[in-house]
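Both complexes below contain subunit A, partnered by subunit B and then by subunit C.
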Partner chain A sequence: MPTLTKRTVACSWLAATALSALAALPAAAQQPPIKVGFMTVRSGALAAGGKQMEQGMEYCLAERNGMMGGRKVELITVDTAGQPATTKTRAQELVERERVNAIIGPLAAFEALAIDDYIRQVGVPVISPSAAAEDLTQRKQNPWFVRAVGTSAQANHALGEYAAKDLKLKRVVTIGDDFAFGHEATAGFQRAFEDNGGKVVQKLWPPLNVADYGSYISQIRTDVDAVYAAFAGGNGLRFLQQYAEYGAPVKVIAQMTTVDEGILKSMGKEAVGVISSGWYTATQDVPGNKEFAAGIRAKYGADPGYYTAGAYAACAFLDAAVKAVDGKVEDKQALMKALRSVKLEKGPYGEVTLDEYGNPIMNVTIRKTEEKDGRLQNVVIKTYPKVTQFWIYDPKAFLADPVYSRDYPPAKNLGQ
Partner chain B sequence: MTFWVSQSLNALALGGLLFMLASGFSLIFGLMRVANLAHGALFMLGAYLGLAAVKAGFGFWAAAATAAVAVGLLGGIIERTLLRRLAGRTLPQVLLTLGLAFIIADACLMTWGGDPMRLPPPPELSGAVRIGDAVFPRYRLFVIGASAAVALGLWLLVERTRAGAMIRAAVDDVGMARAIGVSASTLFTAVFCLGTALAGLGGVIGGPILSVYPSLDQDMLPLALLVVILGGAGSLVGAFVGAYAIGFIYTFGQVLVPDLAYVILFLPMIAVLSVAPQGLFGRRLG
Partner chain C sequence: MSARVLPFAVALAAMAMVPLFSTSPFYVNLTSQVAIAAIGALGLNVLVGHAGLNSLGFAVFPGLTAYLVAWLSTVGGIDPVAAALFALGGTMMVSALFALVALRTTGLGFVMITMALCQIVWGAAYRWTSVTGGDNGLSGVPRPGGAWLPLEKPEYFLWLCLIVLALALIQLGRFFDSPLGVALRGTRDQPRRMGAVGYDVWRIRFVAWMLAAAWGAAAGLLYAWYHQFVSPHMMAVTASAEVLLMVVAGGAGTLAGPLIGAALVVLLKNLASIWIDRWVMLLGFTFVVIVLLMPDGIVPGFSRLTAWLKRLRPTPAPKLVPRERADG
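So, the complex of A and B:
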């Protein structure tokens, strides 16, 4: 049995004192950083959106000096390459190896769907900065998922009403990407437009990666009041350019990503005069957006758009939730609860709250694309305040109907 | 009537564009038996280089010529330094060109960013013309004419010149061509340059219609393969017929049976391949 010498006693006493002194330090100094997984896209067709997301994210963290709720933030950025299988692997890495406290991402709806089951299983808070698929916050809502963007149709209900009531359009042709985002956006427009007395008389669905819109443009009826266009990524640019080549016989109204700031900078005069709707545009006059848009412009030399604002808002949501739980992000349940009751007074969207399904309630604006200060901008002409994903419809009845799709709601006026 | 006129013009323009894309691929495959999977990437590189030249102040035509020459030179370098080492080994060659496709695509993304960009048509060709009741973009009429001119030029080159005779001889039997004094080595490099230059030119000509964006290569390569498989690998006539056939099938298919656009595109290929596995105008490769 070893005997205790004076020396070892002294040593252990010293060590014990030192330890207790450390424990007495303010909590912040010894807390490990909050780990946030950020899923972006750096290669392939979606890379442009991914880059804008990274800018929004970087800007948000810089604005907060890299801190949330008094704790340092460690951002772990991964590239999903825009592929669902890779997204799943990256999500697993973030959760199991990096042990992140929350995930911001991924970019595309099909990526979000690919990790839906996984995040339910492991229970990690996920904030989507851009995936707009309706059912993620509707019929298949996930307790661990909230969204910092609207649903595909959220702004299009407003455009449908505006087209019928204010623009007094009677008959409209729709053309949109043949995938869920295009289907859902068009369905929302059609529903509100027809409920207000308009008629959708023709619906065209070019495949997502179609090389040439010529054969579709030749089909667009010219005896109508407008063409409603719902395109994502670079397709809006191609469609508007080709449509102009064909003489643009009918005026264009559009879903927000068709003329988003992200591609507006690549467009020419073919975009001038397009009327669109959305929850974000760089020019909108809401508390906090002027500073945000000017800041992004100064730092990155381009106007913020859908993805920039989405990633920034996701980051701001997380910040607000972390503050609400006093930085104690290890309690996942509490963090998730705080996320679901986030309320921001200002920012790119202005005032925003989440509904009980985890989807933002925010202003939707009607904008007209104009050339101003030497560049194309979406100038706000009307604001619909506090728009929800259900528009004016009763949420229960809304959710009892099938999800928006290519054929729902049915178009009863085709060919008229 | 208007419907048939305007959609036929659409089909001809698309077919013309596909011919520009596929003729180079077919030429290279016919002579060298190399399925150059970097062809789509070179098409995209051509479009980006053309755009860069236009932004640097070149006119559209000078930009098109610059891009074609630059991509052709790159093709020559690829053939001389890389493909040559793998002569006769099909699988390594295919993997090499596939790897090159990824590298070129990523290099484009790094250089020009992910934003889609528009390549405006030359001012004298912008706007639309009225043909009967149909309205048709002037630039697409030019594409129809230009692709026909390229087709005629290639046909004259292969069928009516000494160089063409050498190409035909080497396509039929490289060993015999060598034996009678054809320098197959020079010929291979020249044809690879020509084929890739056509891809680069096609990229610039296609730019005003397709716009220029990061996955343009992935959208175009399958169409090139489709044309070549349908028309028959290595045959110029095959590429010509295949390109316009696909142009018409695709255009009218997606207009008349919109829900089956892709099925319609691949159905004739299956039909042709089950009857003539070498394609419509392909020869059995020895």
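So, the complex of A and C:
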């Protein structure tokens, strides 16, 4: 009875599949998804960065098939609108209503500071994908907070040394956005530059939303060796364009977001030759970045930049920590401990570890903006390995000083 | 009297009972935010609704208080309650100075001057980094209270906000009914006649300004305690515009209007965004609808709607009473 046998075989196969499916069901039910809150900005001036963050996050999760440590990830994305008060309410929504296991975000430093006390109170692990305010991992470090990007000044210390030692610049004018990020970045540059014999002879601070840089550019002294520019968002684009229109009398060295890949695609000749420093550029040759940059370019048609890499790294940090605790994210203390001792071998930043304050130790590169393969790219010319937020300074002495600001460290060589 | 008080009492009681029904503190905190916004909107309503002075710089009052209390209780190291009293006093003094400038004008001039005054304080908060922390703001603002009054808990803090809101409603309700309140509306409608009759228009407006400042300051105090963080964003032009939006959407000149406007704005902003990605568009759309359908605001709009519905309802036909014919 060949047919019968066939049927029996088919039946038993069906039964076996059904049984195994049934057996698998309770196992899946025991493992509810890991809930991850993701705070981005979809409206207002910061929305462009928010979009890149979402791309980095989406790419990271897709790469892991939506799983971390064997558990499905449920991503709850909220829009903070770039306002501190709204950010606080969104954080409450994530923690109290959605009961998330961890939060990735928010974007801006003032948003991160707005929820700083709150995350201390409720104790939820937060990984910052872009907020660079120095004190978050320095004088006001928070046990529940780690950062997947450097501090505002982290890469600028390196640029300061490079400008003085390798470029042999003597006198520099700084111009930067008049808010904490610009102040801190410029302060880091100034400190390392002056410690290596350079002099900052003029400091200019155009307001964040200034429509025209003309009145500031005309103030830039022309008897100096370079202009150091520290701009965020789309401001770098506008500054460099207008500076080129004024004939660009002295060359430009820049903080990383001034010529970030996110805005580099909108720039033209004016960006060529700008020397900058940063912990990420799409071209850097570290393990894992080639695949990452190519993947982002294939999926979204643009090079990854500061925000894309930051969000991806934050997601990768969480993934590594979840794996370290075998997916048991309900134990917040253990998850946070794993997060603080994260060590990644490869990825956009290459090898990266966290210092005891929860801030990454990673390579910082000096790059030159060049036209290659028909588009502008930041080509690496020097690498400073394993740079910490304290640069070469002693952490204790560093933390005893006031936080970097518009007036600290004081510029002693103005007007010379 | 009691018929007028009843709806407010019911609304406040419903808000106070949110912690009993809510499954998570999120909704309790959201209710606190509605209450704080409502106190601010009630303050602005004195100027916009009753004095006819449209201010686009109202955020300066809550902003000053919030910064003062934040600075005094963190950097200054003063007890939160004492810091609060100093902050309220300081705000009232600065407000009195501002009144000397702002009350020289009315109409469009007043809009611009209040906006400018607010921008000055915003600029100080933004640029005076060594004191205000710049755009990083001041964090770690302690809430008052202790073991006997755990204001750290969302429900206790909500009840504190509701008590202040109730005080605001009672005080303002009585003020609007008082002779001074009537005189204030007189200066709104006929300032020159009021002057001719012998009222000191400037002084009446000054009282209104200080009253608005006082409730704005109260809202700012609760704001600083609620968020435990202040930043220059709370004094941005958009923040002032948002309070104005609450008053206008709810119905300027009514007592319930600011309350409803505040609830609408806060809930749309924070609750709608959970389900709708394009919540900013929804916010805009809602206000366009309100302006089209109820140009005076929700509260006057609804009272007009009920009046209109009453007229629609067929009035019972008068009973035909057979009349004795005189000649019958």
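Here, the second predicted complex is superposed on the first by the 387 of 416 C-alpha atoms of A that agree within 3 Å, B and C clash if a C-alpha of one lies under 4 Å from a C-alpha of the other, contacts with A are read in each partner's own complex, and residues count from 1 in each chain.
Heads up, the rule we're going with is that a residue touches a chain if its C-beta (ideal position, glycine included) is under 8 Å from a C-beta of that chain, and two chains touch if they have at least 3 such contacts.
Just so we're clear, the structure is a prediction, and the values are computed from it rather than from any experiment.
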{"item": "Superposition on subunit A - do subunit B and subunit C clash or fit", "value": "fit"}
{"item": "A:S43 touches, of subunit B and subunit C: first, second, both or neither?", "value": "both"}
{"item": "Touching partner for A:G123 - first (subunit B), second (subunit C), both, neither", "value": "neither"}
{"item": "First, second, both or neither for A:P143, with subunit B first and subunit C second", "value": "neither"}
{"item": "Touched partner set for A:P84, first subunit B, second subunit C, both or neither", "value": "second"}
{"item": "First, second, both or neither for A:L113, with subunit B first and subunit C second", "value": "second"}
{"item": "Contacts of A:P385 with subunit B and subunit C, given as first, second, both or neither", "value": "neither"}
{"item": "Touched partner set for A:S405, first subunit B, second subunit C, both or neither", "value": "second"}
{"item": "Subunit B versus subunit C as contact partner of A:F179, first or second or both or neither", "value": "second"}
{"item": "Overlay on chain A, subunit C to subunit B nearest C-alpha distance, Å", "value": "5"}
{"item": "Overlap of the subunit B and subunit C footprints on subunit A, listed as residue numbers", "value": "43"}
{"item": "Contact set on subunit B toward subunit A in their complex", "value": "3, 6-7, 10-11, 13-14, 17, 106, 109, 113-118, 120-121, 126-128, 134-137, 139-140, 208-211, 213-215, 218-220, 223, 250-252, 254-255, 258, 261-262"}
{"item": "Residues of subunit A touching subunit C in the complex", "value": "42-43, 78-79, 81, 83-86, 88-90, 92-93, 96-97, 99, 109-110, 113-114, 116-118, 121, 133, 135, 140, 178-180, 183, 405-407"}
{"item": "Residues of subunit C that touch subunit A when the two form their complex", "value": "24-27, 29-30, 33, 127, 129-130, 134-137, 139-140, 152, 227-229, 231, 233-234, 269-270, 273-274, 277, 279-280"}
{"item": "Subunit B-facing residues of subunit A, complex", "value": "43-51, 204-207, 209-212, 214-216, 218-219, 233-234, 237-238, 241-242, 245-247, 249, 262-263, 265-268"}
